[in-house]
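See the structures that follow.
The same chain A turns up in both complexes below, where it pairs with chain B and then with chain C.
After this line comes the complex of A and B, so read on.
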């Protein structure tokens, strides 16, 4: 059953929020030669049938770890992060509907990809890991945009 | 915290129409003093994961009037908590929090304003521009029994859109509604407006 569980949330609005803080966030990332989402190996090899699971897992990664581990003093940046976090929460609710209809199966590759990302995160001190993951949001957003076109479930 | 001798604002409420959201409250009155207010919000994410985090409103931290346009702060379709306090110099009141969290999916959607004109034999519509979140469904038909209704989706308001090339001597009617994808809702249809080729707009 190739029917996938798709998110209809307008990712471009989220991308716009991220563009507003990208430079400021990435400037605080002191480990430039390290990556957490590592696009070449992890996200690009995800099969269509694993898209829902990886999306769900990465939304949870950002909601449960990244946004919580990052302490932001600047109100303007805080507003943008809040906007992204609440949009992710809205997307998560959409995916929860899919889970009820058992459309969000996790294959081994999806589980591996998620574990790699968490392992990469754990390699760094938590604040550094959070700031780096925030700075890599555009990788995740581009991946969502690419894999979640078409009709929603 | 400063002792809260300054009374806290009361009667908080949100008026939301066409995805414009305004928080209002009863003004705090202290004779011969000018009171300012500070507005903060937290989305459902903050209330679930980081409940101590409140974010200063984009336009109202501080503000002089007893109201605040929170449209730019409400950016996701989740419940938002809102709170206000009065400020007088270094004194601040206690926070007053909106009783019910606000969700943008409760906004009132009104039918769009529209201008139906004819350019020669061309039926043209110009819709009210309600902002980037709005799409428009336009229905139009030839005013005769059994006429088929055509539908056109218009992505932007504020620009003339060609609907149909009209038959001489015939009349055509148009109505429109808005659709907001972020909340998955649409407005009611507007009143239909009709034009007769080479004639004025006919009253209904």
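After this line comes the complex of A and C, so read on.
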């Protein structure tokens, strides 16, 4: 169903991976008064037509910045993060198809939301920003599940 | 006069118990102080905001739980809470929950179940549970509105054959056909949301008897 570009990846397997490391990752995030994704300013106001673009932008944010900037000493946690990154990679490939079909339009809200997230990330020291972004994966995954629910690309 | 912080051990096992977005903070008394007249004070924090906030109804309380539903009612936000114990001039350090995300962590209560029966069939009508609300006169929000992919696991038990089977349904009505007449069937239903596993809360068991077979009754005449 390419009318709306949606991801068919089973987000629940990714949520499963994340749930195994969530407690440890979030415990390392000591700045409770700061968020990166700031859902009420960004994700909660995204229109259906911008869902593909925001998903694409956030997948790129995690793949190109967060996963690269995070240094994980624990091999079990690293394995889970790698599994999540591989799932994100396949989602990116799906969305690239949509982009070719010009179905991944970026409206102003989508662009603003993406910029806010990158600005939040830049406010923090890079390791702290990476660990905080990892700790907020449950927000992003719940948003994907809610907005890419039902039909598949 | 401020208490001596760290003079007491911390409360333990602090967690949120969340059912249909009714979010109750609960904890255990500090080790070795069970039965002692300890009091507790609670604070909560909205992830991304600036400071810890007091919960006035949970200042110097004796009980080991505190209802934070109103403070955590925006289920798409994330929260922390913490509690400390006080006894005389001594108090413990704070003990804190991990990040609490109601949208992913609340348990979904059972639906309301209405059964009507025929000779060989039972009709089941399910009504999704309601989200917690502060005042009874507030307008109701169904958990279905929050979780559009809410489903139900319906378990049916034939008391005559001792057989049980289950069906997972997405809509609110279900007709069980090809049943045995004049037989007692019992039904239990759980709400399910695909995604992270959540503790399930089964409905009260309800039993209903299918009607006698009218055709055989007529033959007898």
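Everything below uses one rule, namely that the second predicted complex is superposed on the first by the 151 of 153 C-alpha atoms of A that agree within 3 Å, B and C clash if a C-alpha of one lies under 4 Å from a C-alpha of the other, contacts with A are read in each partner's own complex, and residues count from 1 in each chain.
Just so it is clear, a contact is a pair of C-beta atoms (placed from the backbone, for glycine too) under 8 Å apart; a residue touches a chain by one contact, two chains touch by 3 or more.
Model, not experiment: these values are computed from the prediction.
When both complexes are superposed on chain A, chain B and chain C fit side by side without a clash.
Look at A:90: by the touch rule set out above, it reaches chain B but stays clear of chain C.
In the superposed pair of complexes, A:109 makes contact with neither chain B nor chain C. Of the two partner chains placed by the overlay, only chain B lies in contact with A:13; chain C stays clear of it.
Computed from Cα centres after superposition, the angle at chain A between chain B and chain C reads 80 degrees (steps of 10).
In the superposed pair of complexes, A:35 makes contact with chain C only, with no contact to chain B. In the superposition on chain A, contact of A:69 is made with neither chain B nor chain C.
Between chain B and chain C in the chain A overlay, the least Cα distance found is 9 Å.
Within the complex formed with chain C, the chain A residues making contact are 11-12, 15-16, 19, 23, 26-27, 32-35, 38-40, 44, 135, 138-139, 142, 145, 149. The touching residues of chain C, counted against chain A in their complex, run 45, 47-51, 76-78, 80, 98-99, 101, 103-104, 148-149, 194-196.
Of all residues in chain A, those touching chain B in their complex are 8-10, 13, 17, 63-64, 67-68, 75, 78-79, 82-83, 85-90, 93.
Taken together, the chain B residues at the contact with chain A in this complex read 42-46, 48-50, 53, 55-56, 58, 61, 73, 75-78, 80, 181-182.
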